[in-house]
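What follows is a set of structures for review.
One chain, chain A, links the two complexes that follow: it is found with chain B in the first and with chain C in the second.
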Partner chain A sequence: MDQSLLEVNDLTKIFGEASQKQKKQVVALQHFNAVISGTTPKIITIAGESGSGKSTLANLILGFIKPSFGTIMYKGQDVSSFDKGEMLTYRREVQAVFQDPYSIYNPYYCVEHIFDIAMHNFKLTDDKQKKRDLIEDALNLVGLKGENVLRNYPHQLSGGQLQRVMIARAYMLKPNLIIADEPVSMIDVSLRAMILEIMMKLKDEYGISFIYITHDFSTAYQISDEIYLLYHGMTVEKGNTVKVINNPHHLYTKDLIASIPTIDEKWEGHIEVTEDLESDRGQLKPTPTFMEVEPKHWAVLS
Partner chain B sequence: MNSYVLDVRKLKVDYATSMKTIQAVKGISFSIQKGETLGLIGESGSGKTTTAMAILRLLQNPGRVVGGEVILNSDIDLLTLSERELRKVRWTELALITQGSMNSLNPTMRVCEQIADGILAHKEMNDKNELNEYIKNLLKLVGLPERVFNQFPHELSGGMKQRVCIAMAASLNPSLLIADEPTSALDVITQRIVAQTLLDIKERLNTSLLIIGHDIGLMAQMADRVAVMIDGFIVEVGTMQEVLSSPEHQYTQILVDSMPSIKRRKPLTAIDERTRSEISNKLCVSSEMTEVTTGHWVAVN
Partner chain C sequence: MKKTDFVENTGVEVLAEDGCKKRPPKDNPWKNSRLIIGTIILGILIIIAFVGQLFWDKTLVNVGSSPLNLPPVGNEYRDQIGNWAHPLGTDNSGRDILALVLVGLPHSLGIGFVSATIGLTIGIIFGFSAGYLGGRVDDVIRLLSDTTMNIPALLILIIIQSLIPNAGFFAMALLLAVFAWQSPTRVLRAQVLSMKHADYVKLAQLSGSPDQEIMFKEMMPNLMPFLISQLTAGTSYSVLILVGVEVLGLGSQKIPSLGITLNNAINASAILRGMWWWWGIPTIILIVVFMCLLLITVGLDEVSNPRLRDH
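Let's look at the complex of A and B:
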């Protein structure tokens, strides 16, 4: 049987739980299930609006926060049971690229520093020449040259360049999975395509899977294989990206997809203002049941 | 002769420091007719916000208008007005909505007080009931429920706050609304609602709208005509439809091709640094525009 790379079971995160009584609790993510295959690399989109729990999911998988319940299995083993050595390997094999390329760099150091830290933490090599080759190789992959970027300070580079350096850094560590949390939302449109292309290339040629977290459905449509749609921490629709976006089923998904500004066609009519019901965020709901709308496309009944 | 609500002629803006001078806007011209929505599209650093700030005379040091004219309603040159005359024009003739508008609301004032504050600063309205009725009407106009009248900003969502700001901007029936990335901090659905609100208001008050942004998709939904900016130049002006279906300038083509679709997958184009500087160098030599079809102007390729 095909061993999964990452398997997430019933993952739930509740902020402000029981201990602090007067505090309101917020269920940020509930009953999230997903499997990433260990044999076929894929780009998996987690989409939703702000507050839908998509970044909470990223933080959970990266181990920055602990789940309230539910498990994350990496190569068949529970991540919470990892010892120090295993955790280090996990940290190397599961990389992250974040939204804001400007704030990730320390302004006092040249860009090279970001590679040095990674080299040092994961003890890649001590040989100077080898180090340089590794960095150069990674930078070439994202269309940059070491001589043009490494000795520069972050403020001397554009957002697109900084973000590509981040991807190069992740690639250098030979990961199996990259969590890309809104990697292009701060990048100008004309450069966005370049970053997306690099992601596709890493998937196709280097077998790296991606969890692509975004609120931008049109880029998700372009590059991803599967999509999970989150609404208030719940998965409401999931499956093959093209199928879900072409034929949305859940009421919320329909509204969402009808609101995407595209150049293909004009918005039709008006959509109604829905009052935000923040109050029901405090309650954990029962595990949702999915209905198969068509092959490889599931939705929660709404 | 057409009468323009706004006519910008050869506007030039510099940011000058003792070290060097950066030309942010390099002699651009465009105009907006009554009731029209013009989209000014460009990427970061293209000078689009600087243009808006220059029109509103809100440029911060070291920014300075070094040339050109900005004619409002065919007779007032905004750039030559004194502070006092300017005060008369602001809010009554010109209003601004920015991306961060919703965060500029005073957290200690109720929505009704904030809107009243803006109105009373520019217009006399002694009858309290009349003023309250007027404000309630404004809120209805932007689709907000009546309870918002007595609420504080923190009780409202981002989209609702942005609509309060639209209500404020529209409160004195200005002839031109300038919206600088009015929806870019909002979620997809909220974005659509705010965009709809803006267009509704524009329609009802028959004002003109200058909308600034980087999202072609959103522009395609909102604007009648579009002007494309790069590096302080305008490279293409035309009706939205025409520019989208037959972009003439290389940069516009790249922008349109870089826009992903949700109907079909297609290869996306990206712009590399070399192409960008080539385009920019050519423009520095000549930014003369030619008319390819009626009303569709393109800079030399």
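Let's look at the complex of A and C:
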């Protein structure tokens, strides 16, 4: 049997629980299930509006916050049971690229710093020449040269350069999975394609899977294999990206996809979220039942 | 405050040179007038004190080393005319005021600085742990600092000083440090709390950096101007308490200091006797020192908090 790389079961995160009783509870993510295969690398899109739980999911997988219940299994082992050494391995193998390339760099240090701390903590190599080769190799992959970026301070580089350096850093660590939390939303359109191409290349040539978090359907359509649509923390539709986007079934997905403006016609529609759907916000609900609407395409039918 | 002269002048110059609008050169926050003036005056005072000690006879601080009740140069007091042998005059026990100032100023400032450094070091360790680690550690540190913060330092020091009358330099600095760590702890905790969620901290966590490296290598360098301003504010606070204790007559009588000189002047009713130089000169020096420390603190605050800047 093919061992899964990452398996997420019934993952739920409720904010404002336990000690803060008066505080209103907010269910940021609920009953999230997903499997990433260990043999065939994939790009999986997590899409949804702001506040739908996309970034909560990223933070949960990266271990920045703990799940309220549900498990994250990495190579068949529960992430929450990892000891220090295992956690360090997990940290190296599951990397991330964040949304804002300007705030991710410590303004006090040169860009080189992010490579140095990763090298040092993960003990990649002690040899100076080897270090330089590793960094140079990673930077070349994203179309940059070490001499042009490494000795610069973050504010001296453009957003596109900074984001590519981020990807180079993630690549240098030879991870199995990269969580890309809206990696292109702050980058101008001309550089967007370049970053997406690098992601595709990393997937195809180096076998790195991606969890691509976005609210942008066109880029998701372009690069991803599977898509999960989140609505108020709930998965409402999932499956093959092409099938889901071409043939949406859930009411919310339909609205969302219909709202994408196209370049050749004037957008006449308007988004109206029905009262019914809005009142659900932030409440824990029973596990949703998915209907298979067509092969490799499931939806919660309301 | 209005725009500083610095910016206005450059703006005008650039305009006159090119005849067209040009952006003024990038403002350097470190070049704010308060910081510069405070540092220069305090620097001059400290240099004078140390250089002066080389050229002026330090034994003149001893009782009976000089004529009694001599006024400063050019003044007359009870048939005595001030002369250059004792330019700032002498007190009623024959101590030279200039020598007292030269020896006393570095002493008082030194104790204040050492105690503020100790206090800040404790504050950094506690503040960073409380803010970054949170949970129980935070609870304990907050409880400790909040409760001890409300104890009036002067009161406790008066009691301790009456038990240990002749505390030396480091003993005194340590005593003062007991009251100097709470404020930096609280302020740093707040700073760390807001910085903890910065993206670069996240990245360091992803890079496997241990907590202490994130605290002291990622966060602390960005707080540098803030830390220095805490140090000067702490120094000023410690010197104030030190002088307060000494004026009450509880400091070590072995080492001459500005506070002890004031205490002697009060005991000898220098004000009633019209010996203004005896209490006036140390007071003016203390005022200048406090103003310099305040200017430096405010100036550094401007560096670390852009919202306080003039424009």
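Definition applied: the second predicted complex is superposed on the first by the 282 of 302 C-alpha atoms of A that agree within 3 Å, B and C clash if a C-alpha of one lies under 4 Å from a C-alpha of the other, contacts with A are read in each partner's own complex, and residues count from 1 in each chain.
Quick note on the criterion: a contact is a pair of C-beta atoms (placed from the backbone, for glycine too) under 8 Å apart; a residue touches a chain by one contact, two chains touch by 3 or more.
Nothing here was measured: the structure is a model prediction, and the numbers come from that model.
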Report task. Check the residue A:M73 against both partner chains and state whether it touches chain B (first), chain C (second), both, or neither. Result -> neither
Requested in this report: Check the residue A:T262 against both partner chains and state whether it touches chain B (first), chain C (second), both, or neither.
Outcome: first
Report task. Using the superposition on chain A described above, determine whether A:P107 touches chain B (first), chain C (second), both, or neither. Result -> second
Requested in this report: Once the structures are superposed on A, label A:F217 by its partner contacts, choosing first (chain B), second (chain C), both or neither.
Outcome: first
Report task. Give one of first, second, both or neither to describe whether A:A96 is in contact with chain B, with chain C, with both, or with none. Result -> second
Requested in this report: Count the residues of chain A touched by chain B and by chain C, then name the partner with the higher count.
Outcome: B
Requested in this report: Applying the touch criterion given at the start, work out whether A:V189 contacts chain B, chain C, both or neither, answering first, second, both or neither.
Outcome: first
Query - Footprint overlap on chain A, where chain B in one structure and chain C in the other make contact - result: none
**Report entry** Touching residues (chain side chain B, partner chain A) in the complex
**Finding:** 43-44, 143, 157, 187-193, 195-196, 214-218, 220-221, 244, 254-256, 258-263, 265-266, 268-272
Query raised in the report: Can you name the residues of chain A that touch chain B in the complex?
Result: 49-50, 143, 159, 188-194, 196-197, 215, 217-219, 221-222, 242, 245, 255-257, 259-264, 266-267, 270-271, 273-274, 276
Query raised in the report: What residues of chain A sit close enough to touch chain C in their complex?
Result: 62, 64, 88, 91-92, 95-96, 98, 100, 103-109, 114, 117-118, 121-122
Report summary line: Listed in rising order, chain C residues that touch chain A in their complex are 198-200, 202-210, 213, 218, 221-222
